[in-house]
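In the two complexes that follow, chain A is the common piece, with chain B as its partner first and chain C second.
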Partner chain A sequence: MRRKTVNYSKYGYIFSLPFILAFLIFSLYPILYTAVIGFTDMKGIIPKPVHILDNPFENFRELIVNNVSFRQSLSNTFLIWILNFIPQIALALLLTAWFTNQRLKVRGQGAFKVLLYMPNIITASTIAVLFNALFSYPVGPMNSILHELGFIDNPVNFLQDKTTARGIVAFIQFWMWYGNTMIVLIAGVLGINPALFEAASIDGANGYQTFFRITLPSLRPILLFSLTTSLIGGLQMFDIPQLFLGGGPDNGTLTTSVFIYGQAFKGSYLYNRAAAASMILFVIAAVLSAVLFYIMRDRDAAKLKKEEKRIKKAAKLASKGA
Partner chain B sequence: MEHIQKSQRASIRINKTIIYIVCILLTLLSILPFWIMFVNATRSTPEIQSGLSLLPSVHLGSNWEVLNSKSFDAFQGFLNSLIISGCATICTVYFSSLTAYGLVAYNWKLRQPFFTFIMCVMMVPSQASAIGFYQFMYKLHWTNSFLPLILPAIAAPAVVFFMRQYLLGTLSLEIVESSRIDGAGEFKTFNRIIMPIMMPAMATQAIFAFVGNWNNLFMPLILLTDKTKYTLPIMVSLLKGDIYKTEYGSIYLGLALTVLPLFVIYFLLSRYIIAGVALGGVKE
Partner chain C sequence: MRPTVRTSNRIVLPTVGLILGVCMVFPIYMMIISSLRSETTVFDFQLLPIEFHFSNFQEAWSGSGLPRSIVNSLFISVTVTVVAMIFHAMSGYALARLHFPGRKLIFAWMLSTLMVPFSIIMLPLYLITKDLGMANSYWGLIVPSIFNAYGIFLFRQFYRDFPKELEEAAYMEGLSLAGTFFRIAFPLSVPIIVPLTIGFFLANWNSYLWPLIITQDEKLWVIQLALAHLVGGGYYTPWNVVLAAAVIAAIPTFILFFLAQRYLVEGIKMSGIK
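For the complex of A and B:
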């Protein structure tokens, strides 16, 4: 029996080899390479000898201390993320509460889920250009709608104003992701022990009480999970701001990813500065992932402990019986 | 008692009415932008400029001609996107299943550390390595090649994670044993016996991998500079440029063409997609 495991264990390595190779070549090496570039003077379209800077942290210092657009891009990323996440989680929770309420029995849930999730699967670049066209000035579908409904007298130039431009980017993100969050939360609610809901209903709890006292506390891990994945995803926000207005107007929708792309690939070829900015982004994402990892592990560990206790108890009972 | 019940029933009816109204409004919000897009794809530029309409017009043909007379080559873009997404999806699904099987079926020394490692790298943003990746590919003369967009798909940590969870729940090692007794090699066992077992999970992950690759903009935008190699999301950015400045009808038509395949896939497979999203979030 023992020999068998020894014989076959090498296949564990063989079967994982393609993954490991691809990861080392296409992920790990580029990340390390990016980190090194962040400390060098690599710039310009024509390759020339690259040197480590006299002060290796010059690019980082320059970005954090002197570069106004970089700081603006960080605060934009965070602002747009907050503006999209709060309504997203609020609406997703509301819909979850409605769809999982046994007393209300909302019909057509399947169709609603399919239609509310739909924007998530459509190419973000297409959506960005589409919204650019929908909000165009002076004549565009959005201006026509608002005019016919009597909200505005003169067309609004949505795309030239920082506030409305940011608002639209945040809205697109919200619109693309609330369906996804809702489906995840509904799955979470369906995973809650039904006995809890039964007990609540026997005790005479109404819909609000059940939701706030039972559903919401039980959803806490999944809410934290959504929060962290959304935050890490939000840090990478690129397609929508890049193709909606290219970061404009006046850097109003410039996110960190758009900034990195602009530094390296749009005429200035400042690879070193873009690499330094990527590393800052990477560190922020790593910290957030560590938080997520901690949350998830904590949960599993707690479960393990419970399991251990149960086994010990069973063993005790068994020994007593014997 | 009866009175209380009656008022309760009435309040439920009011609640339900509000719920249906909100849900229908949200549904309209989901559909309307795309509806306007498809309708405007059939209208002429003067019609579009004269105001909003929710009914299609008859200028689809002329929009198509204008669209094709300029640099937007929908067929080429479609083909490029299909090649990249198809190959990348096959790589992701096959090698992730293989790795997950290696993690579940064999007892090797570094198994647990390797799995912890996969968990750790699941969230690394692609922007973090983009500059180094670009420089590396530039030195290999692999820019304007599809390989750097396909081969990295072999290492997809999140998919391995999902496949492992699935295998832990479904795989019985007796099947593997009996296949060994029948004299099948380990690779043959995987290809002939294990893959069919994993088919449902592979199909779900294949849909998401395909859509993810199809929609990817960042990496292709950095690597592909040759117009004949452009994928559809890059072509979309052409529509915003000066060449189509006043040709609104053909801009909408170009946008509609890039997402038409997604709509077909989505409405054919929506049940599996929604189920997959629910599974991915719960992760248990």
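For the complex of A and C:
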């Protein structure tokens, strides 16, 4: 029987047309556009003729050399991200070890997971309001708790101090995202071949040994995946720093995204400088993801391929010689 | 024989877990009980809910643009989600099933956009949307939010593992390829559509930066903007009322969360693993 031939190509293009169009307009074009604006004198909301600057790298030079806020925003972003990521991954791993331990059989797991995941779904503006209230000065719940416990004598103005403000922003990020990381890690553990755990159990490994020798090494790709998504997320951290303290106090929680937003949509609408800052952020994101992909690549597969090539080459040589 | 677990582990670990859990939920609890206090007692440290000023909620609801912004948010989130599901499924299906030239290139390009932080493209995206005449309108809020590489990626993964026989049978019966997709493949994609729908709805309900950029008109405000305005908008609003508004803003996410938490977790698992 002859089968009708399917015109896959036609439907393939028709089906992906909306996507291709949308991505051309809303993704590829914007990236190229950013790159161009960064070299021009484009600014202000009223459209004016735009020229390439005499020194095309002027905006970049200005940002990197002279702009204190920009450099501060970069270091803030990294600091807040690190301060949120380390406890996040540590707590997520601990909870994962606990939830997936076969022998403990923790009861009521489902309810727990739901509870721990909850901060992630609450709107950022609600969270900003909530933490503003919790840390209010001079009278506020946090000040009261710390006073009652005897940690402080006088109320602390948490939100006006750079260090504590940064710490609180990092805590909020951590608090919002550890549940998400935990669920990804739990799914990762459930995907590990059960025979490995069985073998470990037969060999008499205890809980800690199993976790450190089997679970953790097998989770490597998932851990790196979490690291990558968290890093990209960290680079675009905007909602909480902006809503919570507007980047303040004294630029203490000014992240790069808040900086770009401020340049482009406030004050003198410096589109060119915002675009240049975006390009710098783009390069940072690209370099970091390239490094992570390099680390993440399957080493064993790469080795196997190399070995295969070597054998083929040897075979070729041998056949030539024969 | 299984090694027995020390009793300390049986007691200590759950206790630690319980304390952690309580600490983590504590801020949400504080928010809810504080929103029921009066203006003077709102910041008093009091663990138990002793006051019930439900009038705070009434005041938050009637005294601000909250109702309108909630309707806006609902309208935008639902529209984006519904349209996105159809388009994303189509693209995902094309990338998984249909072998056409350029398919791999499109897929690689799509994946690479996942690596681009939004703040990098927000300015040109704003300029383009303005040039298209969509700034400060529902169109501007909706159209650029629809396309998201993550959704297409997950649909592609789903259709790659989808049994081919069903589609082949439908095709043999004389259905066109489009018919096969819309009558067979799409209705059977519920396991991926449900978690993605929840994820999309939540993401759009919670989105703040794009609405902040693209809308000036107060009538177009989404819930995030309305709430942010209540805090820093010039007028003085008592904290108990602000907190009540914050609780109201979170209610739809809570409802969706408790109704669908099982699927939500499924969705994260899928996105994390594949």
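Rule of thumb we're sticking to: the second predicted complex is superposed on the first by the 281 of 322 C-alpha atoms of A that agree within 3 Å, B and C clash if a C-alpha of one lies under 4 Å from a C-alpha of the other, contacts with A are read in each partner's own complex, and residues count from 1 in each chain.
The rule we apply is simple: contacts are C-beta pairs under 8 Å (C-beta built on N, C-alpha and C of every residue); 3 or more make two chains touch, one makes a residue touch a chain.
None of these values were measured; they are calculated from a predicted model.
Judged by the touch definition given at the top, the superposed model places A:Phe60 against neither chain B nor chain C. Once the two complexes are laid over each other on the shared chain, residue contacts for A:Leu134 go to chain B and to chain C alike.
When both complexes are overlaid on chain A, the residue A:Gly204 reaches chain C alone and has no touch with chain B.
Of the two partner chains placed around the shared chain by superposition, chain B and chain C are both touched by A:Val184.
Of the two partner chains, chain B and chain C are each touched by A:Gly12. By the document's definition of touching, neither partner reaches A:Phe78: not chain B, not chain C. According to the touch criterion, the shared surface of chain A, contacted by chain B in one complex and chain C in the other, consists of residues 8-9, 11-16, 18-20, 22-23, 25-27, 29-31, 33-34, 37, 95, 98, 103-104, 106, 112-119, 121-126, 128-134, 139, 141, 144-145, 148, 175, 180, 183-184, 186-188, 191, 222, 225-226, 232, 235-236, 238-239, 242-243, 256-257, 260-261, 264-265, 271, 274-275, 278-279, 281-282, 285, 289. Interface residues of chain B facing chain A in the complex, by the touch rule stated above, are 12, 15-16, 19-20, 23, 26-27, 29-31, 33-34, 36-37, 40, 49-52, 95-96, 98-99, 101-103, 105-111, 114, 119-136, 138, 148, 151-155, 157, 160, 186, 190, 211, 214-215, 217-218, 221-222, 232-234, 236-237, 239-240, 248, 251-252, 255, 258-259, 262-263, 266-267, 270-271, 273-274, 277-284. Here chain C touches chain A in the complex through residues 2-3, 5, 9-10, 13-14, 17, 20-21, 24-25, 27-28, 30-31, 34, 42-45, 87-88, 90-91, 93-95, 97-101, 103, 106, 109-110, 113-128, 144, 146-147, 149, 152, 171, 177-178, 181, 202, 205-206, 208-209, 213, 223-224, 227-228, 231-232, 239, 242-243, 245-247, 249-250, 253-254, 256-258, 261, 264-265, 268-269, 271-273, going by the rule given at the top. For chain A in complex with chain B, the touching residues are 5, 8-16, 18-23, 25-27, 29-37, 42, 47, 95, 98, 103-104, 106, 108, 110, 112-119, 121-134, 139, 141, 144-145, 148, 175, 179-180, 183-188, 191, 222, 225-226, 229, 232, 235-236, 238-239, 242-243, 256-257, 260-261, 264-265, 271, 274-275, 278-279, 281-282, 285, 288-289, 292-293, 296. Interface residues of chain A, counted against chain C in their complex, comprise 4, 6-9, 11-16, 18-20, 22-23, 25-31, 33-34, 37, 91, 95, 98, 103-104, 106, 112-119, 121-126, 128-134, 136, 139-141, 144-145, 148, 175, 180, 183-184, 186-188, 191, 201, 204, 206-207, 222, 225-226, 232, 235-236, 238-239, 242-243, 246, 256-257, 260-261, 264-265, 271, 274-275, 278-279, 281-282, 285-286, 289.
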